[in-house]
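After this come two complexes, each holding chain A, first together with chain B and then together with chain C.
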Partner chain A sequence: MPEEKKIYNKGFVVAGLIIFITIFMFPFWYNLGKAAPVPEPVLTEKAKAAKECIEPKSYMKAEHMQILDDWRSSVVRDENRVYVSSKEKEFDMSLSNTCLDCHSNKADFCDKCHNYASVNPYCWDCHIDKPKENK
Partner chain B sequence: MENSRRTFLKIAGISALGLSAKPVFNAFAVSEEHGGKKEAKVLPKKGALTAKRWALVIDTTKFKSAKDLEPIIEACHKIHNIPVFENKRHEIKWIWEEEFKHAFPDLENEHINDRIKSLPFLVLCNQCQDAPCVRACPTKATFKQEDGIVAMDFHRCIGCRFCMAACPYGSRSFNFRDPRPFIKETNKKFPTRMKGVVEKCNFCSELLAEGKQPACVEASGGALIFGDLEDPESEVRKLLKSNYTIRRKTALGTGPSIYYIV
Partner chain C sequence: MNVKYMFSLVAVILLFLLAYIGVEAAGLQVLFGIVIPYAAIIIFIIGVVNRVIGWARSPVPFRIPSTCGQQRSLPWIKSSELDNPFTTPGVVARMFLEVLFFRSLFRNTKTTIAEGPKIYFSIEMWLWLAALAFHWSFLTVIVRHLRLFTEPVPFWIALLEKADGFFQVGVPGIFLSGLVLLAAVFYLFLRRVIIPQVNYVSLSQDFFPLFLIFGIAFTGILMRHFAKIDVTGAKQLAMGLVTFHPTIPQGIGGIFYVHVFFVSVLLAYFPFSKLMHMGGIFMSPTRNLTCNTRAVRHINPWNYPVETHTYDEYEEEFREKMIEAGLPVEKE
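Right, the complex of A and B next:
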């Protein structure tokens, strides 16, 4: 008859396992049912009044970083400083002076999504974020 | 029988093809939503001042003492958000004053006249025709614009400071520290710099784009004259024709675009 299998130091092992699992699972339990809601960027009065950004909203949402990148190259490298939108409207290509002129609420507009998505663009190391404030 | 099997296979084949093409169509649909826009059009600003090669003439006969230079330096440093550091080794400067013997060491003359000896000279980046800083920059952060201005793309500067070593005029400053807390009054229309990039005079590209003269020229009360060196009718060319002018360290072959009437 085979010898009965037994766990040595059963008490310690089980206690250890319980402690381990508790600690390991803690972050999951802690955040249970608390999934951060998708943030909705806040529009300023000025941005609302303008109705539409330089391009349709869906396009801006998905491509604004690409647009800004293109703007940068165009302005810095080629001295072409005016953007003609798909609706033939002209805009000065400037993050601080055009984008943030309407969206003068960086914290509620830019940062909200950036924080949620955990992206840290370093635009603001140089570009001034509130061109309209304390003038 | 055979016929119908054939038809079946045909239909099955076409259907499989159709299904496999779906992701492709999906991709198109997506790109229509996002990038369906036609190629973006960009234009230069209307009313911008343009030239083949910008140059500056500094009429030093209009200056008496360092006091006359102050408002000029102030104007530039204010609009470009230049920080003020107590520690000279961290100093950032775009335009500053220099003694003749330092500005023009190759014209060194022990018995030079009193006026020149004591006169402060305004010095800044020479926007060199054959700029050594442009050659030295490994990232093309420093580059030459079509109008002759030696420009900087701060986004690309990695702070290697090769350009500073290459510039024979000391026209470049390095941001050893975050400049923001040291800017007295921020011009909200112009960006600041960040720690770790090099900067220098940009001939006020941003003002030229708005059809304005550089800030130093505006503030100089006629002592600084800005214009197109390649245009024989320009103000600078006329001045160069009727006055004796000198440039800094021409023997190095950099071809400075700043001329001094002495």
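Right, the complex of A and C next:
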């Protein structure tokens, strides 16, 4: 066998590798020269005044969608509209009347992170710019 | 108890503990969130290129495509252009179907001996189905994850996500691909344990990637539906990596780092393992050659130059002596 081993079908092999690496590195070149600022949700005056949401901030960050889902089940299926927080405070289980009461700035609060993480919840199909629920 | 899969299972559990304890107890977020992922990506790329170039340096002495149908020969004999491709477009079509739809697995048969003794061949589709489910759902999962690695998120990623979460079960919605991936990996594992022949040929390096991928899917589903994490933080870390401004956001738990560590291990392990079939399928001479052996001569690339001594050269060398001895010569 020859001493220096040649690469057979070099053109195809190199082209294939370049295509593969280009696809694999997609996130690296796609984001080149683009700023990706970390979203900073804006609190309304009312939310600032309340100091804390219904649960601690870190818990709300991760679990708010779960809370809303549980609320929906509770309200629709069990007719239970009262949420008792971990600090024994009572809240009305309502996205429109409780959450959006303080966080009335959807574009500067909800959408900030949702857009960043490409989350498109169908809550808003009904719950925004619609008449508030009757108490 | 099978020592081969226990070895791999214990290895994956140790990896889990390593990352979890490393982050939760020792605070090694920078190691598991930045250093190891970068190292894994570098190992992956260099390793894959190295393996592929290694294959490309290996000469193919003969045309050795697997022929699964009649080769083209005489015009009145019907040939199978897809299973025994005679032309390059035929090879491309064959490769395309092989890579995307695993036709060779579809051919899988099961052999049983019944009374008689009589041998029976029956169709065995489960491997093909599970392999399709596994690879396609894994691809979907990977593409979906690009939402954490791109800003702004391209529309096609959001579109895929929408299709994947079509049934809108729960919030955050359940993704079909996650469940299918988990189920398919589990089947591929069970198959290696339950079917005796397959068990016999299964080694720990067959089980390890299965457990690892199971671990990746499991921790992923865990973070989405059970032990929820701050997704914004996760994206911040991912974006930091791909824009070369690595950051460690506060408040994402150990499970997230386990997930990242598992993926890093998979990437780093990839070039040294059977997972290289991803590149290997394109490089296999049994698939990527045309079956035109009866029409085209294929010269062995490692043929060395054979030294010859023709009659002309012989006569040139001995002409004088031949004339002296009175032997007939062709040229005076």
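To be clear about the criterion, the second predicted complex is superposed on the first by the 95 of 135 C-alpha atoms of A that agree within 3 Å, B and C clash if a C-alpha of one lies under 4 Å from a C-alpha of the other, contacts with A are read in each partner's own complex, and residues count from 1 in each chain.
Here is the rule we go by: a contact is a pair of C-beta atoms (placed from the backbone, for glycine too) under 8 Å apart; a residue touches a chain by one contact, two chains touch by 3 or more.
These numbers were taken from a predicted model, which means no experiment stands behind them.
In the superposition on chain A, contact of A:E79 is made with chain B only, not with chain C. By the touch criterion defined above, A:C126 reaches chain B but does not reach chain C.
Of the two partner chains placed by superposition, chain B and chain C are both touched by A:A62. Of the two partner chains placed by superposition, only chain B is touched by A:E90; chain C is not. Within the superposed three-chain model, A:F28 lies in touch with chain C and out of touch with chain B [touch as defined at top]. On chain A, the surface touched by chain B in one complex and the surface touched by chain C in the other have residues 58, 62-63, 122 in common. Listed in rising order, the residues of chain A touching chain C in the complex are 1-2, 5-10, 13, 16-17, 20-21, 24, 26-28, 30-31, 34, 36, 38-39, 58, 61-63, 65-66, 68-69, 113, 116-123. If you check the complex, the residues on chain A that touch chain B are 55, 58-59, 62-63, 67, 70, 72, 74, 76-86, 90, 92-93, 96-97, 122, 125-128, 130-133, 135. Chain contact summary for the complex, chain B toward chain A: residues 33-35, 37-38, 40-46, 48, 143, 145-147, 151, 153-155, 186, 188-189, 191-194, 205, 209. Across the interface of their complex, chain A is touched by residues 44-45, 48-49, 52-53, 56-60, 146-151, 153-154, 157-158, 161-162, 168, 170-172, 228-232, 235-236, 238-239, 242-243, 249, 251, 279, 282-283, 301-302 of chain C.
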